[in-house]
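Chains: A, B, C and D, in written order; residue numbering restarts at 1 for each.
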Amino acid sequence: MLRRLVHCALCWTLSMAGVAGLYILAGAEFLGLAQLIVYVGAVAILIVFAILLTQRRELLSIERLTAGSWVTGVAVAGLVAGCLWIGLAYTRGLGGAGGASGGPALETRELGELLMGRYVVAFEVAGLVLTVALIGAVILALPFEQPREASGRRADRPAAGEGWDARRQGGQGA
Amino acid sequence: MNMEGILALTGWGGLRWVGPVELFERGPVWLRDWAVGWLPEGAKVWAEGLIPAVAVLAVFGLLFGLATVAERKLLGRIQNRPGPNRVGPYGWLQFAADGVKMLTKEDVVPRSADRVLHFLAPIVMLAPVALSLAVIPYGRDLVAADPRCGLLFFFAVGSAAEVAAFMAGWSSRNKYSLLGAMRAIAQMISYELPLVLSALTVVMMAGSLSLVEIVEAQSGYWWGVIPRWHVMTPWGLAGLLLFMAAAAAASNRAPFDLPEGESEIIGGFMTEYSGFKYAIFFMGEYFGMFAVSGLAVTLFLGGWQAPLAVLEAAPSYGWFFLKLGVMIAWFIWVRGTLPRLRVDHLLNFGWKYLLPLGALNLLVAMVWRGLGGWAFPGAGAVRWLACLAMIGLPAILWGRLLMRSRGWGPRVYRYAS
Amino acid sequence: MSVEGAGLIRGFIETGRNLVGSYVDPRRWVTVQYPEERRATPENSRVYPFLVYDGADPEEGLRCVSCKICEKECPPQCIYIVPAQDERGRPRKHPAIFDIDISVCMSCQICVEVCPFDSIKMDQAYAWDREDRFGGLLLHKADLARPNRYYRELHPAEARVVDEHLARERELRESGVRAAVRASLPGSGEPGGGT
Amino acid sequence: MITAHHYLAVAAMLFGIGLAGALTRRNSILVLMSIELMLNAANLNLVAFGRQAGWEQGSQAALWVMCAIAIAAAESGVGLALILAIYRHRRSAHLDESPPLKG
């Protein structure tokens, strides 16, 4: 198993690229490429940055699982996947072909017309959500501005509550 | 052999007399069909994919070698010195000597490096860039792959370069590498947006994501003289300028080459690379430059279209590579002229200047299309100037406004003064 | 207020002019094509020391008397001298071994300054690449010996002064006994002037 | 011949892997990655059905995948910002040590 978080993230990126490949194989070129841009180009980088910014103490490694959580997790997940699989096995009538194996491919123009026509509200709302999320993420990730009097520190020092500095000072005081 | 006719293999092995114009224009396609024709039925589908791939890689591999020499020669000339002139005629075989040097150098991997990622990073850097060369139309019917979303494909595979930069920086276990990787990623992500926005303008006007169709949309001439390239319109001109600025940053070229910044962070994410792996990074960088230059040619400069109707006798791929050469020369000239930016200037420039102007340019293109219906005398000129003013004036005013704000103007040294 | 981008355009014009100009006019070049074309070195340039000899024989004509002053004064201690001996084992005024390790030499010219016999001077040859990494840069007496003619070519003005001085000394030496007697008279102090 | 069955099977496996990760791991970034895996499994299902219907009829599936990808991007952005903010308070990205999310 992979012990390093960064390896996990990169393998996750690879699997996202694989999903994009499946989209393209299914004839949905546009979706696959959009998936590549969003996941490989943006989310993977976000995750990797988040790992680097938050995982100092753990030296970028993953904790070993206890036997209990391991068994429970795999059992539940296996159960769900098994149910899906069984349901799938008893489904009939899914033999139709499409995409790369001969069927029609997704027309980007058609998708665009749908997005800009009948489903324009959904499209706009998605855009709005994205914008709001972006602004929210920026605000969340900004360092907290604390008033000078409350923190009693110089403004250009790290914000109050910063662990390393605060603990060290607390340790000296105690 | 007479001058009008040359015996040529056309199509599936059929011989017929063709003129030299047609021979050069169709030659590569015939050659491919002829080579494929020899193969058994099962291998044909592979060969049809493989032959263009090998051809593109061979041509661009050679171009890479020549471009490194040309860059060094032109930079030398810009600095009033001759540049490499020892190996081969006028030094043009210098790249062979460089290649041998790179191949025979020791491949040093830091002891605490993550060996697998350290090994994979150059590959992940080069492979997607090479892939993005596949969708560029090099001539009439000369394109390795024409997916319906060629432009999107270009940007999608290009996004793997960020992952590669991170892999290289992180696996080296060197703080300079990691810092360089962070810079590189921040820069690539920031400049991807203006790049895509300026390309999007063209997509909107051409009505297609396929690069082949975008080139075909630029065929024809106004009054039989001025080619209908996108660069001849105000939004196209502005788009080209924006695109080239963003492209220089996205391919880590000077003056935006901070990720390598030899003098500041000793080589960025490539610090711990040597020998052939370094050569592959280098190759990836040049291929990236070729790819964005090719894309700029395709989107704005009419791709393989000839600039004049009478010049269409020359083969179309000749025109493409001529334009590509001009773009590469432009990149080299820029590198020889402009000093490297500071990192905050770089990000400010991308986010606060290029991005709003890219969005505005989209609007200008819309207006340009809307004004297409004017029919009074001189309407063309009025339309042209109006659209130019719409993008030009905000560019100037916004630039002046930004220059007045903090962090943009000349540097103020707090302690040194 | 200046026009937008004027500075950029000026910069591009400047580099463009260099680009074209260096093809049209090779006089713009700031570099020379080294092995074929060499710049004349200034008269006072110096690289590594060499030994001057008079006459035709580089062995017997050496001015060096192996007094070892330069060996003692050399800051990086790159000079090694062994005096020659005559058949009876007495030291002759001639070096048997005179080595300079130019991989150590720092071209300070102190050996030249301290030499009382004008026998060691600074050379201007700078191409000292050798295939042997270890012994190749250790120059022996035979490698170091150069005729006085060579010295005159390198440093004409300086050589003229040195030649005049040496000629005067030789004249003094040849007019021999009388000069010696006069010099040994009390109150003169001429021979021991160095103390 | 690849049918929609195969796509659905892959999606089920992807979903199972994501679920296992989300259930067992305590590292918040890993949990986020696992959730993304499950989301992609759902998207894969949509694509499979769109292909099954033939894309002329199934382009609405593509539309929903587009929207899902956009929302997933927003979700991961906000999620990672939250992780960052929590980390700043607690110096840890572990869910067990994260503050109880009460008012």
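Keep in mind that, in the parts below, contacts are C-beta pairs under 8 Å (C-beta built on N, C-alpha and C of every residue); 3 or more make two chains touch, one makes a residue touch a chain.
Owing to the predicted nature of the structure, the values given are computational and were not obtained by experimental measurement.
Chemist: Between chain pairs A-D and A-B, which one is joined by a greater number of C-beta pairs in contact?
Modeler: Greater number of contacting C-beta pairs: A-D.
Chemist: Measuring centre to centre with C-alpha atoms, which chain is farthest from chain D?
Modeler: Greatest centre separation from chain D goes to chain C.
Chemist: Based only on mean CA positions, could you tell me how far chain A sits from chain D in angstrom?
Modeler: Centre-to-centre distance between chain A and chain D: 7 Å.
Chemist: Using CA atom averages as chain centres, what separation in Å is found between chain B and chain D?
Modeler: Once rounded, the distance between the two centres reads 34 Å.
Chemist: I'd like the Å distance between the centres of chain A and chain B, where a centre is the mean of that chain's Cα atoms.
Modeler: 30
Chemist: Quick check: how many Å separate the C-alpha centres of chain C and chain D?
Modeler: 79
Chemist: Residues of chain A that touch two or more other chains: which are they?
Modeler: In chain A, the residues touching two or more other chains are 30, 34, 42, 49, 105, 107.
Chemist: Enumerate the residues of chain B that touch no fewer than two other chains.
Modeler: none
Chemist: Two or more other chains in contact with one residue: find those residues in chain D.
Modeler: Residues of chain D touching two or more partner chains: there are none.
Chemist: Are the chains arranged, by touching, as a line, ring, star, complete graph, or other?
Modeler: Basically the chains just string along in a line.
Chemist: Name the touching chain pairs, please: which are they?
Modeler: Those chain pairs which touch are A-B, A-D, B-C.
Chemist: Which residues, counting only chain D, touch chain A once they are in their complex?
Modeler: For chain D paired with chain A, touching residues are 1-5, 7-10, 12-17, 19-21, 23-27, 29-30, 32-33, 36-37, 40, 43-44, 47-48, 50-56, 58-60, 62-63, 65-67, 69-78, 80-85, 87-89, 91-94.
Chemist: Chain D touches which residues of chain A in the complex?
Modeler: For this pair, the touching residues of chain A are 5, 8-9, 12, 15-16, 19, 22-23, 25-28, 30-31, 34-35, 38-39, 42-43, 46-47, 49-51, 53-55, 57-58, 62-63, 65, 69-70, 72-74, 76-78, 80-82, 84-85, 88, 91, 94-99, 101, 103-107, 110-111, 114-115, 119, 122-123, 126-127, 129-130, 132-134, 136-138, 140-141, 143-144, 161-164.
Chemist: Taking the touch rule as given, give the residues of chain C at its contact with chain B in the complex, in rising order.
Modeler: Interface residues on the chain C side: 1, 4, 8, 11-12, 14-16, 18-19, 21-23, 28-31, 33.
Chemist: State the interface residues of chain B toward chain A in the complex, per the touch definition above.
Modeler: Of all residues in chain B, those touching chain A are 114, 117, 147-149, 152-153, 155-157, 159-160, 162-163, 166-167, 170, 178, 185, 189, 192, 209.
Chemist: In the complex formed with chain C, which residues of chain B make contact?
Modeler: Listed in rising order, the residues of chain B that touch chain C are 74, 76-82, 85, 333, 336-338, 395-396, 399-400.
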